[in-house]
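As written, the chains take the letters A, B, C and D, and residue 1 is the first residue of each chain.
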Amino acid sequence: MSKDETLGEALRQQGISRRGFLKFCAATASMMALPPSMVPAIAAALEKARRPSVIWLSFQECTGCTESLTRSHSPTVEGLIFDVISLDYHHTLQAASGTAAEAARETAIEENYGKYLLIVDGSIPTANPGYSTIAGVSNVDMLKEVAKGAAAIVAVGSCAAFGGIPHAHPNPTGAVSVSDLVKDKPIINVPGCPPIPVVISGVLLHYLTFGAIPELDSLSRPKAYYGQSIHDRCYRRPFYDKGLFAEGFDDEGAKKGWCLYKLGCKGPTTYNACATTKWNAGTSFPIESGHPCLGCSEPDFWDGGGFYKALSMPTEDISRTAVYAIGAGAAAGVALGALNRAKKAKATKAHEKVTINDLEKGN
Amino acid sequence: MPCVTDTASLPAGAGENLTHNVQPLLHEIRHALAKLLEDGDGTVIDLRSLPLAPGEEQKLLDELDQGEVTAQIQALGPTEIIETRYPGVWVVVHFNNDNEVVGKFIEVCHIPALLCSQQEDIREGLERLSHHLLEATT
Amino acid sequence: MSASLQRGINAFKEQIDAPVASFFSSCVRCGLCANACLFHTETGDPKYTPIHKLEPLRRVWQQNYTFWGRFAKALGLSRAVTDDELGEWETLVYDSCTMCGRCSMVCPVGNDIAYMIRKMREGMAAAGHAPEGLIGASQRAVTIGSPMGVKLPALQAQIRHTEQETGLKIPVDVEGAEYMLLLSSMEIMNFPEFIGAIAKILKQAGVSWTIASEAFEATNSGIQIGVSEIAAELVERVVAAAEKLKVKGVISPECGHAYMAIRWEGPNLIGRPYSFRVVHIMELLDELREQGRLKTTGKESQRLTYHDPCQVARRGGVVKQPRNLLNMVAEDFVEMPETGTMNWCCGAGGGVSANERADEIRLKAFNRKKKQLDAIRPDAIVSACSNCRIYLEDGLEEYGMDMPVLSLTETIAEHLAGTEQTGSKE
Amino acid sequence: MTETELLLWVRGPALQVATVIFLVGVAVRFIEILMLGRQKDLAEARGSALAGGLRTIVTRSVPDRGTIQRSTFNVVAGYVFHVGFFVVLLFFAPHILLFHEVLGLNWPALPTPVIDATTVVTIIALLAVLVHRVLHPVMRFLSRFQDYLAWLVTILPLVTGYLAFHRVGVAPPPTLIAIHILSVELLMVVFPFTKLMHAVTLFMARYYNGAIAGYKGVKS
């Protein structure tokens, strides 16, 4: 495949019919959370889109994000994007290794300087550059070097977007997010642990289709996927509104599918598309499977005070504090009360009899 | 044969009609049908962009039921197209090669665009046929 | 020892108790008490808001009996109460408050404001900020035996006059009588018919009674001015006489604060329970009615209403008795719009009537009573307090209303069955 | 401080401090009042002080007719914001969860749309109450700094709670929750030092009022 080919040409060369292409566009629109009426425009845009060069850097990560994407890779429509982008460097997926791999990266940077897309997964250690290196180059240096020539950066997964689990307290490696280090490039955060696969591919397709980054929220997340909370789109929401809650994982409420808020669900403060897009090809999502949302697409989700504790709950034992406080208050109250009584007794003692001769003011 | 409906992970009836989105959807379809009759404009509803409780989607599909036409397309995996018992209302489900659902739509139109042979494909088909005939004669 | 700020503050400190502390802690400055006070509703002046009248007492409480108040005082964040302030508050505490307790019924958090005014007056008096009128009344009560200066010979003259008029013997200093009757100076001076009415009723009921020559005065200036020692001394005189005459009960006459003084405050002032019972004349008459010993004949045809004296009804608990009695003799008895424990004060209680300085505001506040009366337009008002009667008459005259104010006891006596002679009526 | 750190701080150390100040303060003031004591009444009782006191605790919640007529606004607005405040405090599901966690007690929640509407009504009532306080001659005359302070710390949890529930504003949701909890902690800290104490002491005040009257056979 030549890099100069348009996407439409590339697909047709693979023997994909126009019908197939339209179906791809319909699925793409759905994936990008765009209305179906946009399909013709998407088709027209994709037809002419050119395959961009993509460099994928993996730092302190678990490969879960790549797994998420490739789990549904080859046979799916979204998998097709790997045929239509030029993934020039991805050290998990690429065939080349060692010096050849690094050379591929350098070549890609050189040939597409200012135009390539940089995808990052994993957080970057800053406490000691030696904590994570690739081919002897520290993550920080590599990120800065590759970011320099990138048109835009996609931070895939909560680690790259917000620091994620490596950044969790006490953060021994000094892990930071991409946006902590790179300030002069457009960054799209696609958080999640891992992110929903179609969200990753949807963001890439958006860039491919429109040649621009999608509309982002205050945390640089595409609004199309992160615009509404899990809670707002949750099918169990009516139970929350009615005040019907599961109190345990096996109680009557759980069996009846009631709201999991009391089991620590972070749905109300978590912005992601799980409740509509769902996982495993639209099969289900955690709440549908009876487990509260962990809030994995939010910053510091690991440090939120416990997965099974709602966000508004006290983190420490307040009941014991209350008992001590009442005890201390009572003791202080009795002490102060005794002082008051002494003062009053003193006043009573100091009382001089008031007679009819004492009513006028003297001097 | 792929299954059109999601499998509900909850006991039957548990979440039924939970979001109360089925009825509004049917009304939306009714409006779309009226518009189709009036000025010929079609409507497409993406079922995967709506919050539906387990069982609700099935309920909607049960409401719509099956009509006269059932069609299958094989392009980048199968696509199933069913005309419901309301002519002009179609259910279109796209699968990938692994029979996983990649898109699910309700189309209100005379015929889903995808069923029509496409200009490019016809042109290519014509070329192929001409080529074939040419080969046969030579 | 003369009055001083220090003695006043000291008295405040003595007076503050758990109820006062809970009341001040609870006030949310909602201002509802303002609309329960006739001195505010008829003037519209916010300074007459009942709770505001207690501000110096509140500050003493806060600075002495709350931890953050002590703290603020130690840091110099709160001002001490000054003598000038008490001087400023004198008119609020004495002239524009009758201790009627209507605000205490209305306060949403339950503050008994009248209870606190009573306590505040202890400090005001000790600080030398009691009104001249009340000082004089107190001095006369202690030295002469009556705030109005009524002496025994004056009573004796009225007794003789009554005996002539009714033909009944008025018992004086009869040992072993069932009841000892107290009289207010106002009754002796202004309404001597009351003595005859009592004599007739008790004769019919067969109740033995007496007047004590050593303690006939029912009123108690001590509780009005707010000096417990003076109040106690006056109560002691009554108790000594009652014990000497070995009576089973003492009758408190038609007077509001006298009832409060002898019935409710008395034992607490002298520090011991009585060996006799104390009844308001209304209570006694209603008991006799219940026992069938009080029989009347004929009914008043005019439209009558009943004015509840605050200290008898709201602060004293005698509410239904006068109504039972009035229903015996009234054909057309109508209640005022707000009545019983929610009745509006005549404006002259709590020492206001003894304080000439307060005349102007008292008459202004009477407009509240006028509105109440205008709503039902009675032919006459019946009450069970001589002080109320005098100042109702005064107010009616001021507002140009022609309406007699009757004594309930006398009205009953007029309709007493089996007596040919009808009592004289003004 | 990141938003999560802020949230953890308000749910942790800040809540502990606020709870201690609140409970120590309330306990001290409660006991201070009780220990001032009250002299035994030596007059012969006509009724029961206890029964009268308990009765008035309940009956004083309903104003007399004259007060309703003369102070209609106070009564209506006062009722609305008190009832609204407690409905929102006690019947919003996440609040019940908190009480369950701290007190071990559990009760059914009200539907959130009801809570939502109640919050709006309560906020409007509180705003009206403030305007009334500023404009009404008596209330303006009586008002001190702490009356406005108490108003502020009362309305803040409602407003911040509303914002947090609807996730409006520039701050991300965890920060909105943190601000809401912080506003409640402010209320707790201010409580023992201001007239907000009436929420506790009014039961004492009403009891004493009713007991004083009840002893004399008067229903107050």
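Just so it is clear, a residue touches a chain if its C-beta (ideal position, glycine included) is under 8 Å from a C-beta of that chain, and two chains touch if they have at least 3 such contacts.
Computed from a predicted model, the values in this text were never measured in an experiment.
Set side by side, the interfaces A-B and C-D show unequal numbers of C-beta pairs in contact, with more at C-D. Using the mean of the Cα atoms as each chain's centre, the chain most removed from subunit D is B.
Among the chains in view, D has its Cα centre nearest the centre of the complete protein Cα set. Centre-to-centre spacing of subunit A and subunit B amounts to 33 Å, using the average Cα coordinate of each chain. If you average the CA atoms of subunit C and of subunit D, the two centres end up 38 Å from each other.
Rounded to a whole number, the gap between the C-alpha centres of subunit B and subunit D is 58 angstrom. With centres taken as mean Cα positions, subunit C sits 76 Å from subunit A. Of all residues in subunit B, none touches 2 or more other chains. Residue numbers of subunit D whose C-beta contacts span two or more other chains: 28-29, 32, 34-37. Residue positions of subunit A with contacts to 2 or more other chains are 332, 336, 340, 344. Interfaces, counted as pairs of touching chains, are A-B, A-C, A-D, C-D. Residue ranges of subunit D in contact with subunit C, taken from their complex: 28-29, 32-39, 41-44, 46-47, 56-57, 60-61, 63-67, 70-71, 74, 78, 136-144, 147, 150, 192-193, 195, 197-198, 201-202, 204-210, 212-213, 216-220.
Those residues of subunit A that touch subunit D in the complex are listed here as 218-219, 229, 240-243, 245, 261-262, 268-269, 298-300, 303-305, 310-316, 318-319, 321-322, 324-326, 328-330, 332-334, 336-338, 340-341, 344. Of all the residues in subunit A, the ones that touch subunit C in their complex are 332, 336, 340, 343-344, 347-348, 350-356, 358-363.
Across the complex, subunit B is touched by residues 12, 16-20, 22-24, 26-27, 29-30, 33, 35-37, 39, 72, 75-78, 80, 233-239, 255-257, 275-277, 281-284, 288-290 of subunit A.
Note for the complex: subunit D touches subunit A at residues 2-5, 7-8, 11-13, 15-16, 19-20, 22-32, 34-37, 91, 93-94, 97-98, 100-104, 108-113, 167, 170, 172-174, 177, 180-181.
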